[in-house]
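One structure follows; several queries about it will come next.
Think of it as A, B, C, D and E in the order they're written, each chain with its own count starting at 1.
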Amino acid sequence: MTELLRVEHLNKAYGEVPVLQDISFTVNTGEVQVVLGPSGSGKSTLIRCLNGLEPYQSGTIYFQGQKVDPTPKNWQLLRQKIGMVFQSYDLFPNLNIMDNITLGPIKVQKQSKATAQKEALRLLDTVGLADYTAKFPRELSGGQKQRIAIVRALALHPDFMLFDEVTASLDPEMVRGVLEIMANLAKQKMTMIVVTHEMNFAQQIADNVLFLDDGHILESTPGKDFFTNPQTDRAKEFLQSMDF
Amino acid sequence: KPTTANAASNDSSVSAIKKRGTIKIAVFQDLPPYGWVNKKGKLTGYDLALARQVAKDLGVKTKFVQVNANNRVDALNSNKVDIVLANFTVTDERKQVVDFAKPYMKVSVGVISPKSKPITKVSQLKGKDLIVTKGTTAENYFTAQQKDVNLQKYDSKTQQFNALKNGRGVALADDNSYLYAWVKNNPKYTVGIKSIGPKQYIAPAVKKGNKSLLTWTNKEITKLNKANFFEKSYNSQLKPYFGSEVKASDIIITNK
Amino acid sequence: MSWQIIQQSLPMFQKGFILTLQMSALGILGAIILGLMCSLCQYFKIPVLKQIVGAYIELSRNTPLLIQLFFIYYGLPGIGLKLSAYTCGIIGLIFLGGSYMAEGFSGGFDGIPNSQIESGKAIGLSQGQLTRYVVFPQGFALSIPALAANIIFLIKETSIFTVIAIPELTNTALDLIGLYYHTNEYLLVLVVGYAIILIPLSIILTWLERRIRYGTFGD
Amino acid sequence: MAHSGINLIFEGQNLPRLLGGLWITIRVALIAIIAGGVLGIFLGVLRTFKNRFLRFILRLYLEFFRIVPTVVLLFLFYYILPKSMNLNLPAAEVATLVFTLWMAAEASDIVRGALISVPQHQVDSGLAIGLNRSQLYYYVLIPQSLKLMLPAMMNLISRIIKTTSLLLLISVLDVINVGQQIIEANQKQYPQGAFWVYGVIFVLYFLICYPFSLLAKKLQKD
Amino acid sequence: MTELLRVEHLNKAYGEVPVLQDISFTVNTGEVQVVLGPSGSGKSTLIRCLNGLEPYQSGTIYFQGQKVDPTPKNWQLLRQKIGMVFQSYDLFPNLNIMDNITLGPIKVQKQSKATAQKEALRLLDTVGLADYTAKFPRELSGGQKQRIAIVRALALHPDFMLFDEVTASLDPEMVRGVLEIMANLAKQKMTMIVVTHEMNFAQQIADNVLFLDDGHILESTPGKDFFTNPQTDRAKEFLQSMDF
């Protein structure tokens, strides 16, 4: 198992308010790291720090063994290797599905249009949306948009993927399709960091769980143990509150 | 002593104008019969006749720039025009900011009012509204000498006469010569005060220090005087508009 | 630039300044009242009045104040309706401003989420009570930035009063320039005069906008 | 009596002359709208950058043009520009310049407002697929904000056209000025000329501005 | 068991599109009717018809044995007897909590201010928010706002309550508190119609389940049976999709 990502003593504050405090953890290639924690505990912020969308005050991120130099220029290069999907289905409304997916490969990675489109079609097929290339985001349901957003991130062939509550604003019936795709990715040994509120899903895919509270990592526990036997009371309480 | 603008920096020197091939002249376009646009849309009048003659004698084309009374000085200073031929009365204040050539017309301030309620003495104006145009000699005179008259100050001649006709003031003060002209067209009004304040002269003006054009203009006025240009011009441009009260000698300067 | 000339002109400018303020205040007050009435006609979709208000708004918004003033001041006496310059100025400002204020208010009323109206209904409020306790307070708060922007706009528009010989700030400056030819000095005082009125207003406007954006105003 | 006044408009060259004046007005507005619009988009983009100094300067520029009444701007440029800059422009060109700068100032604020109201997550996801800043603006922000800024732009355009009525004050031979000449030249025959001429100009302005405000409303709705 | 509400052959369309078709059902006093169904099936529309927020094309509603005359005036009077809580926490932002709650009792029911405030305080106490009377909605969390919204509806002492996905836009941790209050109301035999996506909760409180699909009632089944043994395949499918 090779180490893909290591975070050491990461600290992040908005103004005076600390949001992440002394965060350290490692993710190995092929592993699924699930991040859990109550609302406002800093999960999104952590994920955003990991691909440079948020600057952090101190700490170091190592990516594939190399220390990340946190300049905007460098992050821009790194982001090709880090796929990210957000809660809001954030496709570009001004581009059709094909252009949404191929924008990165063509403009950033300078692939030929033909190559990029061929790959986009292949990926769309895996999520069952190969017929949708010419449509615009507004013509799609939330679940479809979110699947496209995952394809868009995959089209750059990232080394690992970040998912931030990607099913949170979906209609309950739409959730399943999206989670299935993520579960498939996990099966194919894509390295992933996943923030979610779907406990059943989390339990199914997590190799390891990071439990965040108030900006601290309260525990880092293998997935198979966390849900049945969390180490901290706070986590126990949290798990209880998640099902009525 | 005024510094002579040297030829290189003076865009309005005679040589510069000749080189350019056009002379930019500030004129009124709403002041019949001096400078106005007739029904056919043609710019015409006593000032315009002079302006065209000046251009002809310089051998250049004309470019007329419309001005209002209150921006004649700045039109010169900001190089919008080379010369002002817009019924420009010579006053001490103005002499400080522009250079006047020899006068080509006499004038003094008059006051018109409706025949039904004529104003014949300045004392009748006390506390009443008197219509003037901004930047005219009339405004100047009343502002300085008759402080207890309320002035309504308009931007253009069109506006001031309109205001008088709408009864927005009891009377209107302006240069008397074209007040005569105006009442001829508007017989319900009369020049109740024919002349007030000192007799004054109307002259071409150039930018302060523009010696070259000033000298040329002075020579031109003298030359035109000798050729009876102003008399002819009076007869064709002004006489048809003036009533019988006005004689050529009231208006033009005949000492040759 | 001569300080002395500026000083000498200050009493004249002061008069113009006060006149500008007075006429702005009256015109703006009138415009707000007219605008509110118009927007209520539209909000409650009062038949006939709603159409009249719509036509008025388009006419007022799509013609220049200068022409409106010319028409009122020089044109209307031709058909026997003569009003003083002062009255014409204020009528012009109200005529122009009324439509802008109406749109400002309407923007506020339309900005109230439908869920607010529905939850008002759900607790049994009548149409009148809904207007009084929900629509009006919330709509007014939402329209404040637009109203403030209109106020600034209308104050600036008073500079056009110069064309009907009202001796406000701009007229004063143009008159002094015509009389004494100290263009730079008088223009400077003129700009400063407007700045004294408008900068504080503009700062208040920015502040208001910020408060509304973060949802902390009025509620 | 009053109805005969309308004949004034159709007499001789009067109507063509009025329309000629209108063309001068429109030309000033047209150039200002196009040049100012382009400049405004450029400045609007600059105003979304983080550089504090740049933002301050551009803000100052905007506020100046916003606070100073247009009449005053016209006089400022008309009188002061040639004197202090040795730049000698005819009145119509001065007016075009003033309106262009004014348009650019107001447009820059509209553009900036539209750009920053593109949701943050659009920016984030653009960055997340590795776009650089100019790609982000070109492919994501500007196309998306165009729709947001169109209604306000239409309103601004109709405001610019309306405000060209002030050309009169710096003696440009615009439609109002021509109108006054016609009133003046025909005052004996048509004492009510002012009513009709100003009335026609009123209608002309309305006919030009109304389509823009209509368009703005329509764009706002969808 | 007395009948509180009866709906007969209700039809509702938006323009040409039918949204509710031939809906008939009965709710008895003290009963909890849960309405389930996929997104867009017409649940919200049904609820909104039941307190006159949406006009309907045909059908009859009987309330306490009386036929409802569907005029705006009449609905306005009836709404005092029908409490409603929506998905969006729609408190009036311009009024503080106390005024939000007492607006209806004072202005609509003409109660004295003292009486209304006393009752408001009592109700606030039951949801654990007695200290919040002077606060404004913006100072509260989503869960708190939603609890206040329930209190606001209860303050009119309605004969029955309508809930439309009241927890759908809450953070997962906030959901529990709101559901507990609803469960308590059910225990106190408040008559309720509840639209929800929280299946565990629905199972716990439903006396009867109406399952809607595409504007039709596909089945009306007692709560204890629906979740374990739904009658239709569509309902089975729906229940499956709801947990991963």
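What we mean here is this: a contact is a pair of C-beta atoms (placed from the backbone, for glycine too) under 8 Å apart; a residue touches a chain by one contact, two chains touch by 3 or more.
Quick caveat: nothing in here was measured; it's all calculated off a predicted structure.
J.: Highest contact-pair count belongs to which two chains?
T.: C-D
J.: Centre to centre, using CA atoms, which chain is the farthest one from chain E?
T.: The chain farthest from chain E, judged by C-alpha centres, is B.
J.: How many angstrom lie between the CA centroids of chain B and chain D, rounded to a whole number?
T.: The separation of the two C-alpha centroids amounts to 35 Å.
J.: Can you work out the whole-Å distance between the CA centroids of chain A and chain D?
T.: The computed centroid separation for chain A versus chain D comes out at 48 Å.
J.: Using CA atom averages as chain centres, what separation in Å is found between chain B and chain E?
T.: Each chain's C-alpha centroid was found; their separation is 84 Å.
J.: Just curious, how far off is chain C from chain B if you go by their C-alpha centres, in Å?
T.: Roughly 39 Å, centre to centre.
J.: Could you list which residues of chain C touch at least two other chains?
T.: 74, 162-163, 174, 183
J.: Two-or-more-chain contact residues of chain B, please, as numbers and ranges.
T.: 71, 74, 77, 155, 159, 162, 165 - these are the residues of chain B that touch more than one other chain.
J.: Give every touching pair of chains, nothing left out.
T.: A-D, A-E, B-C, B-D, C-D, C-E
J.: Along chain D, where are the residues that touch chain B in the complex?
T.: Interface residues on the chain D side: 11-13, 17, 78-83, 88, 90-91, 169-171, 173, 177, 180-181, 183-188, 191, 194.
J.: So in the complex, the part of chain B that touches chain C is made up of which residues?
T.: It is residues 69-71, 73-74, 77, 93-94, 96-97, 131, 134-136, 139-140, 143, 152-155, 159, 162-163, 165-168 of chain B that touch chain C.
J.: Touching chain B in the complex: which residues of chain C?
T.: Of all residues in chain C, those touching chain B are 73-74, 77, 82, 84-85, 162-163, 165, 167, 171, 174-175, 177-181, 183.
J.: For a test of understanding, state which residues of chain C touch chain D in their complex under the given definition.
T.: 58-59, 61-68, 70-71, 74-76, 78-79, 152, 156-157, 159-160, 162-163, 170, 173-174, 183-184, 187, 190-191, 194-195, 198-199, 202
J.: Could you pull out which chain E residues touch chain C in their complex?
T.: Touching chain C: residues 51-53, 76-77, 79-80, 82-84, 86, 88, 90-95, 103-104, 107-109, 136-138, 149, 152-153, 156 of chain E.
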